[in-house]
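Below are two complexes that have chain A in common, paired first with chain B and then with chain C.
Then we have the complex of A and B:
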């Protein structure tokens, strides 16, 4: 195998020795990015003191982390938060996907893009918006319900575990929705039809065929949601900490924020979270493989079978409308409204007089805002560029060169998917406090963290486009007389470009809204927008925060618009 | 066994008038017959089948299966798919990937109204699998079977409930050529053995011709010709049928003479041809004369008889093994002919083409 494929790279114009060197360098970079921090984290969790001259082994960090009076409650809270969120998100996402894909609910087509809109709302803002809506003291929805029904006490309290579950879930629904839409779309409707032709009634068909076929996908979606909730820090920070409901991510953050910071305990907690997340990801990959076994038929386009809901379709429509108004629209509206207020007040005629552009005027002259905006934009574009260059190189080695041992690269590039953002932050602190490379406290350490975390996303985009290029396409070019360079320039690159651009934009967006890694690493002059939001919200400048949020959303929308413009221009619509 | 009266199915797209996928068609399939709906994709054949199965609800007409009215637009009857005495095989086979071979076949016995005892399920499944020669595969996962085996499995599953009617929706189109040929034969043998009323949908003329008792050729939602395979092939009634089934030469011209018994003469640009003339045509009608490539004889010497002989020269000759595909340039037209594999001609050779009058058909030009 190996000997048969090496000449291929030779023919592509790369001589043998550099071709062997590239994977080694690639592996080195990946080890530096993904493995070294984890190693340092592991060592640090057994370290007696912070950054001492020599290593002193101790177990007291683990004792502090896992044998304290809070151990049990943190574990239970994390479990309830992750399970509850995964369950609720899955339920909402599946219901939305099913109603829009497989039923005859009126106007279902327009709800497909609407369901994805919340993706543009960063997690920090999602939490802030829901605090505006559901806070027991001043939440708009609470106030509205109390006056409407003459209640004595607010019906909702966002500062609770159910509140955390709700806020985190509605932010994750688009992901579950997209995954389930894909699952419904890839299902051959004749599998259900053949059950009906076998004499199975609608309910029997649904129970014995539809549900059973969806099960592997459902399992993998639930697992990914579970892991992502466990790793998330937005809701635990903004809602959990004020409510004194602590989960693993907030415990790590608090250990770091103590004075002096308890890196040892934080590290020990991070190792535990990492293991939990790794187990989740491992189970997820197994569930996904299981699901692939069920894909029997070719990649043929199906006309999905629509369930006739009869009069119930109006109930479905009512649900979609309610979801649209309360879950998609309201958070945006409340942020928009609050950004024009001098201080947070319930809406009413008297509040109308107070509306002004003062917050925006204030931001205009507010230096930290401009610094943070600049940092965020620079980081997002740099991260996306570095990550895509790195991953296309790695993907090319793994899928095209087929050099011996390239699977190691594939594995190394997958490792970061198991690293929760806050764990990454913790690990990098331990690494760069110990190593005398003066990047701690700069945006470069943030860039390293982002690039590492988003390598798996970049790999997916890059390998997707690389696999799509059949080697015959390149061979046909050389058979037409094109040199290696001409082939690359005129065939390979144009075919790769759409996938790489899509990956670039995606990483750009997630970097721009990143919070859980930045919260440990972004300090002072390296502060980014999401962190500025967080600190100012904690200081109580909530309406200025809303204005920053609007600017952030506007920037994200611009990125997306530019993305559509670019991808529209360059080639290949598949 | 199946009666279709004035069946109409309209697909509504937005506010427009909709697409008439099936437009007022009627036909009857007698008990034990193999009836084929043949036509290009989008002609409405699959929609018709799905209406009979109950997977689509038609907009007009009536469907009677095994003496029971299962659909009627007039009185609103609509028997759901799972209550119709029908077995169906899908183009993609629709084998459930989460079940074993045994469970796939046992499924129809375990759902539905009448309960079947466990021992009966076993013997019936065994019997059904035996009929399609899948004995011994019971415990395999269905996805481990090859394409051909999945196809037989789908057939066993459709038959296990002993339905009155078997519907087959292009069941052979996903198989490779060799396997398709064998399955064609096996499917036909099985149908003849069980004498089960079968409605078959395909776009493949060879499948239709080789397996059917009756073929209905469909185009744009209507049946354009119905009859036994031989008749549909040899006496097409429209240009569409002539073109769709087999390859065909067309010479346009005008009817100049009509004798009794449907025989007449047509003047074409390359000479007068005596041929069968379709009923309803009269002297002066614009027509095309269609003739199959394999019906045409080539003479390398001028023959003595002069009727239906056209002079031309060889355009190209391709040796295809089974026969020689030989084109002849007449004055204005080209003819494609199939000659015996022993034929040896060269480009430019003069030939005299002989068109047997009984195998030429004059059809309306429009």
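Then we have the complex of A and C:
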């Protein structure tokens, strides 16, 4: 465990100057970003408009949100969606991680990067690709299976709760995979070896030792997956709303977006979702702390041992291949194929005649596409930069400055992790539509939203690196007469670079894919690619959407590659 | 002395208000263009115009009036009104022009968001196609359409009655918000609520599948999600058929409703808004609308594509107040929420 020892003594000269100003400014910025919108939302949830711009305080919104005829179905749908997705994602992620990390399945090495690839596919595109594949009647997989086995009805229907669970899960698997890989990697094999020595079979060892050791990690991963599903809006928007299966996020969206807009009810629903997610995150942090009892990472050097699956390793290989083909490759392929079609058509010889570059040619002259592309690139790079600068400063204050009350900053920087994207969008609309600074409707309000949402990610990347830097380096600089700023710029920052770069790339990717906050905030000139995809999909230009998706993936890969080249070799940290 | 000051007051009034209200009608579009340019050259256009139409209409406007850029905020009509209401609630007006179905335009008017205007260009429009705060921009025809791969030639529908045949069971799609169909059937097709409700109940028994958004509905029909669509827009089909999509549509009967243009009260660019509203209502603008694939409202302009039905059940302004009533019945019939 990397824990920093912060010396009690030492020259305060390093921190004296900013001691008064920087933490206060930092706290001010964080309160402005994370707390103010929530406050607006909270107040709004108790307000009812009696006349234009005249409000009274009431509990009616909560009654409308939680005691209506739809309350129960929304609750049950959300619960099934989140539990099902968390379970399925965890199962797939763990199986992939175990097969690639801890067994002797052939060619397992190449599956590690492959399992992470879907991170590049934005959630909106993931949902669209699966609609193309699993839509009853015209979904490619359904049509193929019906022809192959002579079925009368389609075996799958994506417009259902199981469909939503599947689509959301496959998009989340990389996250579960990475978390579980880390857990498997850090496991001391001596416990398993003892079991084997005592005569336990492979399966028995796996069940009674490996699985039990994994319990705390598993619990926390399941919890975080549950919370993330509850907060997600891509699948509920693209599959849930057309199928009329509503969950909390879609209810909030509809309360805000249908006439007459009901901010009170939307606000009350949002406060509920926020509380649920806060409880989830709190339980998660508790679970990860509890995990220390099961600590397996020690100073001892070891290599996790591999399970010999015997002939079963071919079954494992078959599973990995199936996963690769159906879950990773197929969504990309179907989007790629559709991007050359004039309209969505089932595959066949006659469809081959229709293939053309028309969609790409169309995009070339399509101004909204270029505007959205520009917005997305500007937002992703700026957000990543601002968030990393801000969080490295905050992390430095929290972990290095030894100032009293710096834990408050730590706490404030953690708050946004509990805010679901759609709730953030709603809170920011309520805040900025009435705000004296005219940024509502521009990309700046989106940037504020993204920066706020990704502060916790930035904090993780920045604090991880900061904790590893011993104070003596900074103290040496200050002893040699460097000012606080010079020390930060010339000593701390260069040492932080690898962690910051990893954080930058991650935030850049997630900002570029962002959908659930943007859906309420991005309009007209401030529209970003994910929202352009959504509106054009709603307008039925599905094959153009596929072409935009291809361009989006290409852009994302380019940004990452360029940044990677510019900053040297580092890995993506999640 | 007192008399003199009254005269003076009257003269002041005339100078202050007379010429301005007169100017609205007297000013040419080019004069309005000049005033619009002084506002910064942006038009915030809140409109449901689909991309396929917008890209053939808005650039023509921008070219006709150089220096003006259209910022098209597009979403479904209820989302656009909801957005405008939200903005007004925060004390802001960001939209200049609203162009959505008349029903939703009236909702915005009820919220006090729209300006009462009398455009000189709307003088030639029949009374049913203009009001104190709106002028019709185009008409849309709700029609039935089908996938030609899934419907045999001899089974193609000739009228809405044909959809009662058992062969359509489980093969129909529709838009969940199209209560206009029920209203128009009740008031103009059957001239009886009872008969109309009976008809749609029989249709409901055919297990209709609902999808939001007419463009998406058309695309689903092309892809083969259903054999036929009951509440599609006629103007969505000619372009798709031209591309080779396996669809066809029925023009023997249908329901027509009005899309309208209105100007926001306190619009940030009032002259630019006026310029657009006047242009789109003018014969010139209506021709562009027609070429952009819409169904013009101007009495002298014909649609470019075949989109008007032979027998049309026209939803009029006076029908708007009955929307809530039919909305309720429509939702009950199809068990929609």
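The rule we apply is simple: the second predicted complex is superposed on the first by the 510 of 574 C-alpha atoms of A that agree within 3 Å, B and C clash if a C-alpha of one lies under 4 Å from a C-alpha of the other, contacts with A are read in each partner's own complex, and residues count from 1 in each chain.
One rule holds in what follows: a contact is a pair of C-beta atoms (placed from the backbone, for glycine too) under 8 Å apart; a residue touches a chain by one contact, two chains touch by 3 or more.
Because the structure is a prediction, the values reported are computed rather than measured.
Engineer: Answer with first, second, both or neither: which of chain B and chain C does A:241 touch in the superposed model?
Structural biologist: The answer is second: A:241 touches chain C but not chain B.
Engineer: Would you check which partner chain A:212 touches, where first means chain B only, second means chain C only, and both and neither mean what they say?
Structural biologist: First partner only, chain B.
Engineer: More residues of chain A are touched by which chain, chain B or chain C?
Structural biologist: Comparing touch counts on chain A for chain B and chain C gives C.
Engineer: Just chain B (first), just chain C (second), both, or neither: which does A:198 touch?
Structural biologist: first
Engineer: Pick one for A:344: touches chain B only (first), chain C only (second), both, or neither.
Structural biologist: Once the two structures are laid over each other on A, A:344 reaches chain C alone.
Engineer: Show which residues of chain B lie in contact with chain A when the two form their complex.
Structural biologist: 53-55, 80-83, 86-88, 90-92, 94-98, 107-108, 111-113, 143, 154, 157-158, 161, 167
Engineer: Quick one: which bits of chain C touch chain A in the complex? Just the residue numbers, please.
Structural biologist: Per the touch definition, chain C meets chain A at residues 44, 50-52, 55, 71-79, 81-83, 85-92, 94, 104, 107, 111-112, 210-213, 215-220, 222-226, 236, 240, 243-245, 337.
Engineer: Which residues of chain A touch chain C once you look at their complex with the stated criterion?
Structural biologist: Going by the criterion above, the answer is residues 49, 52-53, 70, 135-138, 241-242, 244, 256-261, 263, 342-346, 354, 366, 368, 429-430, 432-434, 440-441, 523-525, 535-542.
Engineer: Quick check: in the complex, which residue numbers of chain A touch chain B?
Structural biologist: Its residues touching chain B are 188, 190-191, 193-202, 204-205, 208-209, 212-213, 215, 293-297, 300.
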